[in-house]
Amino acid sequence: MKQPTSSYQEMMKGIWRDNPVFVQVLGMCPMLAVTNSAVNALAMGLATLFVLVGSSFLVSIMRLWIPKQVRISSYIIIIATFVTIIDYSLLAVFPKIHKELGAFIPLITANCLILGRQEAFASRTTVRFAVMDALGMSGGFLFALMALGSVREILGEGALFGVSLFGPNFEPWVIMILPPGGFLTLGLILLFFNWVTEKRRQAQINYRLSLNSIEESRV
Amino acid sequence: MTTQKPAEQEPSSTRLIATLAIAGLISGVAIVSIYEATLPTITANKARELREAVFKVLPGVSKMEKYQLEGNQLRFRTETGKDENTLYGGYNQQGEFVGYALPSSGPGFQDTIGILYGYIPITRKVVGMEILESRETPGLGDKIYKDLSFVSNFYDLSIDPTIVTVKKGLKSATNEVDAITGATISAKAVVRIINEGNARWVEKLPTHGLALQEQPTQQEGEK
Amino acid sequence: MNRSEPELLLQSAPLLREGLTIPTAMRDVIIALLPALLAGFWYFGISALLVVIASILGCVMTEWIFTDKQKRMIALSDGSAILTGLLLGMTLPPALPLWMAWIGGVVAIGLGKVIWGGLGGNLFNPAIVGRAFLLGTFPIAMTTWNLAKGGTDNFFNLYPSTFTAPFMQVAPTDAMSAATPLGLMKFEQVDTEIFSLMFGNTSGSLGETSGILLMVGGLYLLLRRALEWRIPLAIFISAGLFTLMLHTIDPARFPDIHFTLFSGGMMLGAIYMATDPVTSPLTTKGAWIFGSGVGVLIVLIRNFGGLPEGVLYAILFMNAATPLINRYTQPKVFGRRG
């Protein structure tokens, strides 16, 4: 793209610097809806990873054959196919998790994170970069889902992955596994992210200012 | 595409349609194969879930049959799947009829609660209750299936004249159910759904069910 | 001091100053709340006092942590954090574990005020945010009500749940719990006699039960001209009329006016929370709209919703509508069209 980067860099940018949830604020629907436990978050993250990597791979291979005019429809067909595959596989292998995630598996199709990566990245680059980018982005998504899911399950049920952490007398914070808990936790995490970014920016500015003053004092 | 360079040739509409058709075809093949591949497992899972639920609400049962209520006539359901008039009969190891597993559903605090409950016609008692679907508040309303002290209300519950909810700890008669502190609405919803189920099913059902076809017994043909 | 000759005073505007500042306004409200608060202590004993202290501590500590070092003392000395903690404490059940009351205070200031940029920036009344959070988070503890014990003999008898260890559950004490008048009305269709309702000798939130004393405080505020009286009046009128209508249609199912006005958080909410100048409309017309909205919503939620009490959500809802009300009731600038 802009400057030549290694495929490793392409992957890492999705996890932190351009994190799809915390920085780009994409994919909010599954983010808020299925993160009421760590297991659900993990399942949703892995399903998204499968769909994103699979469709990025295909889109990147086919990018020269897909005419511009029908590209969005073609991407959607590709994405929807992968979503259907993961939907049926989950239903067959993990019916319990499928029941919990419910309508949000089919809704991965409409996750703008996935279509966005096809349109903005996979359709313009080689297969290797496309897959690494998809891995990074969905890794970042998985990381965000897990962060939210863990916090909500720890506070809301006193457990992580169903394992009780604080003993049977823990008073669960019911609101955390309800929808408002999702909004609250996400808001606080976003706040934290912005605070960290702002601190870094300030530090950089201060650093430059100090450099400038050194320059000036030399002159 | 307004941003397109004028030099670039517009692809013909045939090519556009062909691309989409090919993509749709490939995608269709993929979806059909995954559907075919997973269908047996999914059906088996669903059947096992149902059987487990029936066995759970009818203690002592080791075999179940699907029934269909047509008008006031009960018969074995031969077609696959189920509809709203499908119910289940449970038999013990000797093949004798034990009781019915009756589905019923209605509005809870959040969303529809779907219930399967075991009913013994001879004693006119509910002997077990399983929540098949509910979205009640976690930590509160979900006690209708997580709180054993509530669920155990339904292990030996007389349905006459109707089932009533009482404040927790005040259960004194066999047709009373202890409510859940803090989740009265969900608890009352469960009782109401079972009462509605009773009104719908109970009077139409023969006391001794349908005899198994393999081992016809003297109760056959009883209405 | 001997009288000096009159001197020429040079002063910039404003030349007329009124004594009304944020600290005095806050102090007035706190004074107005005292009678009902003391009645709550008297009815529910030392546990109630501890709950209020825990809630105030939560508020003040959060305010202290999240304010700039230089502004800390100024921010705390205006008393707004103390008032928030006091209001929140008065809406809590007297037997609530202290750690929950403390968390309520932290959330009230943290999510209700600081995050919006401090006093004046918040959209929702901080005390109600704290209570809403607690109600959603600890629904059982927040709806376990205890009988008013009353009197000096029992003052030092603690409720057993008061000193529950932090983050731990309350040991079950079903024997002591008692439904509130609103709960009785909603789930068992039992009316409570008017005398108990007015003087607060019922189970309920520790500072909400005594309608009369809350009204006395309101009168004090009115005399001090520190009360936007249109809002509570609009709430009483709209809730009263709506209840009257429902009661005429089906007297068996719907309560009558005195019950609506004197039960639950009606008085505390209408006089002290809905009138919070930060979160209620600026114009008089807006105040009437705001109050009527709160009143109608209270009756709607109480009679047709899943919960017995609706004052909290009614005020939160109208708080959210306040910017819109302000916008549509903005007086026209003279000489301008539309």
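Order of writing sets the chain letters: A, B and C. Residues in each chain are counted from 1.
The rule is short, and it goes like this: contacts are C-beta pairs under 8 Å (C-beta built on N, C-alpha and C of every residue); 3 or more make two chains touch, one makes a residue touch a chain.
From a predicted model like this one, the values you see are computed outputs, not experimental measurements.
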| item | value |
| --- | --- |
| Farthest chain (mean CA position) relative to subunit A | C |
| Higher-contact pair (C-beta pairs counted), B-C versus A-C | A-C |
| Separation of subunit A from subunit B, taking each centre as the mean of its C-alpha atoms, in whole Å | 36 |
| Whole-Å gap between the CA centroids of subunit B and subunit C | 46 |
| Centroid distance [mean C-alpha coordinates] between subunit C and subunit A, Å | 41 |
| Per-residue multi-chain contacts in subunit C, two or more chains | 139 |
| For subunit B, residues contacting two or more additional chains | 137, 139-140 |
| Per-residue multi-chain contacts in subunit A, two or more chains | 174, 178 |
| Subunit A residues touching subunit C - in the complex, by the definition given at the top | 166, 169-171, 173-176, 178, 180, 184, 191 |
| Residues on subunit B engaged by subunit A in the complex (per definition of touch) | 1, 4, 11, 15-16, 19-20, 23-24, 26-27, 30-31, 34-35, 37-38, 41-42, 45-46, 49, 137-140 |
| Contacting residues of subunit C [partner subunit A, same complex] | 100, 111, 115, 133, 136-139, 141, 167-170 |
| Residues of subunit B defined as touching subunit C within the complex | 109, 137, 139-140, 168-169, 181-182, 184-185 |
| Contact set on subunit C toward subunit B in their complex | 139-140, 143-144, 174, 177, 187, 306 |
